[in-house]
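Look for chain A in each of the two complexes below; its partner is chain B in the first and chain C in the second.
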Partner chain A sequence: MAQHILNAVALGSVYLVFALGMALAWSTIGILNFAHGATFMFSAFTAHVITQQVALPMPAVVLIAVAAGALIATLTQVLAFGPIMRRATEHRAAELRILIGGIGVAAIPLAIAERVTASAPFGFRGSTYQAQVFEVFGLRMTTTVLVIVVAGIGIGVGVWRWLATSRQGLALRAIGVDSETASLMGVDRATLALGTMATSGALAGLAGALLTFQLGAIAPASGDQLLIKAFAIVVLGGLGSMGGVIVGAFVLAGAETFVLAMNQGTWVDAVSFGLIFLVLLLRPQGLFGRKEVRRT
Partner chain B sequence: MRAPHRWRRLRRATACALAVVAAVAMSGCDAAQGGIATQEGIPEEIKLLGVRDQTGPVAYAGIGGARGGELAISEINRSGFLGDGVKLTIEEIDTAGSIETASAEMAQATADRTVHAIMGPTQGQQAATVAPMVERAQVPTIFTQAGSDGVVVNDYTYRATAPMASYYDLATEYLADKRLGDVSVLYNATFPTFAEIGKGSLPKQAEQHGLDIISSTPVQSTTQDFTTPVRSIAGEDPDAVVMLLTEPQSVTALTQLRQAGYDGQVMATSVQGGGNLTEAGKHGEGVIYPTDFSPALTSEKARDFVAAFQERFGQKPDVYAAEGYDGMWWLARAIKASGSASREGIKRGLQQVAKEGFDGAMGELTFEGNDMRVPGVLVRWNGTSEELVSRGGAS
Partner chain C sequence: MIDWYFSHIVLIQSTFTTLLLALSVQVPLRAGVFSFAGVGCYGIGGYLAAIGMVHYGLSTATAILLAAVAGGAVAYALGLLIQRLTGLYLAMATVAFTLIISVLVVNGGDLTGGASGLFGALGMLDTGHLLAVVVVVVAALTFTELGPLGRRIEAVREDPELASAMGIDVARYRRATFAVSGMLGGLSGSMTVLLRSTVTPDDINFHLVVLALTIIIVGGSRSWIGALIGTVIFVWMPEVLAFVGEWEDVVYGVLVAAAAVYLPGGVTGAAVDGYRKYRRKRREAAASPPDAPPPQQAAAAVGGDS
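Entry: the complex of A and B
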């Protein structure tokens, strides 16, 4: 039982790092970035290409993926989302165009990775890092799992508290509540949006590197599967609540692990998403969302 | 105001003349491009179309098939197999992993009267969607991969890939020979080929060979992390684990299985061939799998194919390339056997060759109806390449 809980915590930590970036942009600057999965994949792919040329330790690989993720997300904001938002006459129209724009942006890195790898799995075999297996109180885990759990929970709580207490976090939340009023109060929306997207991309890159180390390899399409899960996590936790995202990630991972432990693997998606559906029926705003639409 | 009668007649005559000129020009154009594909006999140019994924999630299968076919065409043309000056030509059209694109491209391809035959999509769902279409248009179509039901369903649909289940008994035979009696199965139950083996043929073959399946764990195509199922399997400590998973899944499952402490035999599938286990590193070493083709095969045909492929593309061929190669040779033999490159002639020829069978890169090829069968071979991944385990079958 304890081993299953540990497995769920490890899986939830990966979901959390991935979903945090998406939730951050969605709940503050109102960008539901459908290119987040492609950013995650292409960051790991960039690190994969570099490790094929140079043998690098884990921290260097993670740093490359984080930098690549931040760069991709920044470019996405500058070249796609920024112009869409400037040209949109109303918020709802902008949201829809951003959603479609994100799908379009995602197709580019996906096509490049598929072309280069012929859609074969890729990983960090060129890295000098080798996962070590150890046991604590009868629980078997790897050093990769340990890094993921510490990073996932640490960054999750860190982002949550930063948004709740820091000056910039408060400014971001103000944009999430009412961007026009926030601008009148002196909040530089454009700069904060750029910074938020860069942070969101960096988190996608971090998730890409950590998950690739954990799984051994990912495929170009792996980001799409995580994107759906992240979407579900944000909705389950409640849009606008970082605490909700943390809880949502572990609830989804726990449900999946439970179904797998019961040897009912084909029911994983049905049970997990059914559970989310049930929660939303009883509490449409999600577990920690507020009834009125207020972001973060 | 009505035009005078004389002018109306003149206009009608001009329109008729233009229509005749256009029809003559089009037929001339057809003839210049290799003749209308319904005419009997063998023209100087036999035009084929490859409608399959060159990009998308399973691009490797389409690219491999196209390369194998390209090599076969160069050999067929160079050797004058179909007669002096007769050339096979092929144009590849990318279906990009999309059923809609495959359907649209096939509709266009089947409407082109200069196309003699088509090498069809490799994805099962795409292939099943276009199969009724090729029957309506009466264009013989050879598929590779496309293991789903509903693909080989009429006289115009053919498949140059043997179902995995038809040679998977090589795996159970091996496990029985090595007295690896207790077997745990981990399979992707939402992938039709693996579901059929995991739930259907494998339990039957295991029973026949006296193997005991102590657990059977289904997962989905969306499953990315295998920590929980492999921990359970490692706890059972079976003699062997049969792993029926897709490429990225198998790398993860193998890595996590070894990290969970299992060091026994892992039996996989041909999906793990073609270097797909490379990313698993040391965790992939020693994995055994039955496959329809391996570059390690020692038959003369296989060795010649591997050498020619390496010379042309600078790398060893995978199963997809071998299937594309043998599929193209099936088509060429069909044209020769029927003495006609017309669509009907090719159809007759494909059926005739299927009745007789032939020797290909994958070994001695036989057929069940329009569906290819191969002897298969058991190989071991040593971390960098495949090596033969069994010396029977196709080796």
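Entry: the complex of A and C
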């Protein structure tokens, strides 16, 4: 039992880092980035390619993945989302086109990674990192799990507090509420959007590196699955609430681990889909979201 | 010509079935309902047709009819359930609905064949049948795009509040688009499965949702013509892009992203805009006498009514 809880916490921490990146961009600058999953996958893939050439320690691998993620997301913003937002006249049309733009962008890294790996899973076998196994209170722990949980919870709480208390966080939340008024108050929307996307991409890269260390290998197509799970997490927590994302990530991971522990492996995916559906049906604003005041 | 037809018959047939799938997303989108329920009904229809043929020995026509009716009914019920959602939330709820169906059929036991799916559901279908179905569907949709009905649907999309102030029952229109989209999805799914003779849970995936959406966005979402153009582009692109070989998916991604940035109304939207611009230029050229003010001023004067 306790072992299952530990597994759920580790899984939840990875979900958290990934979903946090998505929620950050979505709830502030209004970009639901469908290339987030591909960013996650391609960051890990970049680190994989480099570790094949040079034997690197774990922190270096993680740093490479984080940098790659930030770079991919920045490029996505500069080449696709930025131009769409500049050209669009109304928010609803822009929303749809950002969705499509993200889908298009996501196809590119996926195709490259699938071509290079022939769709086979890839890992960091070239890295010098060896997981140490140790026992705490009769639980089997690895250093990887420890790193993941500390990083996940630390970053989760860090982003949440930063957004709630810092000046930039205030500016970002202001954009999320009313971008026009925010820019009248002197908020530089384009620069903040770029910074937010870079941060969001860095979080995707971090999640990619952590999950690959944890599982040993990930498949190129795993990004899409994670994207829908992240959506479930954000919807459950409530859009705009970073604390909600933290709760949502661990609830989803707990529910999935529970279904797995009950030996109902084929139903695992239904947890996130069912959660999206139920939450939207019963409480569309999520557990901690504020009720949106929007005309029509 | 006949040689060409027989060597491309799979592509030709999938053009028709994919068009129906794309229309199942385009019809709600035209009324401002961002729903992918049609894709889920594609899965329902496909499985129902296969189950009907394999387990109950239904005829091809009965199986397809059953799939279309069941798709419409399920989508209508779904529409009732989630009618208060809008925008991206509605989209994701219907995506979740679609993906739940694929999980359900994995766990369906002998009835759905589990993870390996169902085999041997070969229907008696040929290209003529497909063409007939598509022509009927397109004719019906054309009817909804013209005249007062077309204008009412446009009003529901552009400004639901205004529409209901004008006495249009917006909720009823939205529910109707769910039913139509479910029927189209059921038709497309059942015919695809009966042509291929197999159906597996992997056939109902996120990629299918993405395909339907990209077809409409690239082609244009205002009319079935856009869906047709998009379908032709995406079904035939692998054939045309054979020269780029393994990089086909990269080209696909670049095209979709470029369309999202530069073609807000899709190919048809760009064509309509281009035609209007051309007409306006000609009218100006005809209207302005030789010593008229320079064209920029004339354009500014006319620009008000564009």
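Here, the second predicted complex is superposed on the first by the 283 of 296 C-alpha atoms of A that agree within 3 Å, B and C clash if a C-alpha of one lies under 4 Å from a C-alpha of the other, contacts with A are read in each partner's own complex, and residues count from 1 in each chain.
To be clear about the criterion, a contact is a pair of C-beta atoms (placed from the backbone, for glycine too) under 8 Å apart; a residue touches a chain by one contact, two chains touch by 3 or more.
This structure is a prediction, so every number in the text was calculated from the model and none was measured.
Enquirer: Identify whether chain B and chain C fit side by side or clash on chain A in the overlaid structures.
Expert: Overlaying the two structures gives a clash between chain B and chain C.
Enquirer: After superposition on the shared chain, which partner residues are touched by A:Arg115: those of chain B (first), chain C (second), both, or neither?
Expert: Once the two structures are laid over each other on A, A:Arg115 reaches both partners.
Enquirer: Where does A:Pro83 make contact in the superposed view: on chain B (first), on chain C (second), on both, or on neither?
Expert: Only chain C; A:Pro83 stays clear of chain B.
Enquirer: One more residue to check, A:Gly216. First (chain B), second (chain C), both or neither?
Expert: The answer is first: A:Gly216 touches chain B but not chain C.
Enquirer: Would you check which partner chain A:Thr266 touches, where first means chain B only, second means chain C only, and both and neither mean what they say?
Expert: In the superposition, A:Thr266 contacts both chain B and chain C.
Enquirer: By the touch definition at the top of the document, which applies to A:Leu32: first (chain B), second (chain C), both, or neither?
Expert: In the superposition, A:Leu32 touches chain C alone.
Enquirer: Under the stated touch criterion, which partner chain does A:Pro284 make contact with: chain B (first), chain C (second), both, or neither?
Expert: second
Enquirer: With the two structures laid over each other on chain A, which partner does A:Ala204 touch: chain B (first), chain C (second), both, or neither?
Expert: Neither chain B nor chain C is touched by A:Ala204.
Enquirer: Just to be sure I read the superposition right, which of the two partners does A:Arg125 touch: chain B = first, chain C = second, or both, or neither?
Expert: first
Enquirer: With the two structures laid over each other on chain A, which partner does A:Ala106 touch: chain B (first), chain C (second), both, or neither?
Expert: A:Ala106 sits against chain C, while chain B stays out of touch.
Enquirer: State the stretch of chain C that overlaps chain B in the combined model; pick it from 7-15, 97-105, 151-159 or 169-177.
Expert: 7-15
Enquirer: Determine where on chain A the residues touched by chain B overlap those touched by chain C, and list them.
Expert: After superposing on chain A, chain A residues 111, 114-115, 266, 269 contact both chain B and chain C.
Enquirer: With touch defined as at the start, can you tell me which chain C residues reach chain A in the complex?
Expert: The contact residues of chain C facing chain A are 34, 81-82, 84-89, 91-93, 95-97, 99-100, 103-104, 106-107, 115, 159-161, 206, 210, 213-214, 217, 246-250, 252-261, 264.
Enquirer: Hey, which residues of chain A end up touching chain B in the complex?
Expert: Going through chain A, the ones touching chain B are 3-4, 7, 10-11, 14, 111, 114-115, 118-123, 125, 131, 133, 140, 142, 211, 214-222, 225-226, 257, 260-261, 263-266, 268-269.
Enquirer: Would you mind writing out the residues of chain A in touch with chain C in their complex?
Expert: Of all residues in chain A, those touching chain C are 32, 79-80, 83-84, 87-88, 92-93, 95-101, 103-108, 110-112, 114-115, 224, 228, 231-232, 235, 266-267, 269-270, 272-274, 276-277, 280-281, 284, 295-296.
Enquirer: Hey, which residues of chain B end up touching chain A in the complex?
Expert: Touching chain A: residues 55-60, 63, 189-190, 215, 217-220, 222-225, 227-229, 231-232, 247-248, 251-252, 254-256, 259-261, 275-276, 278-281, 283 of chain B.
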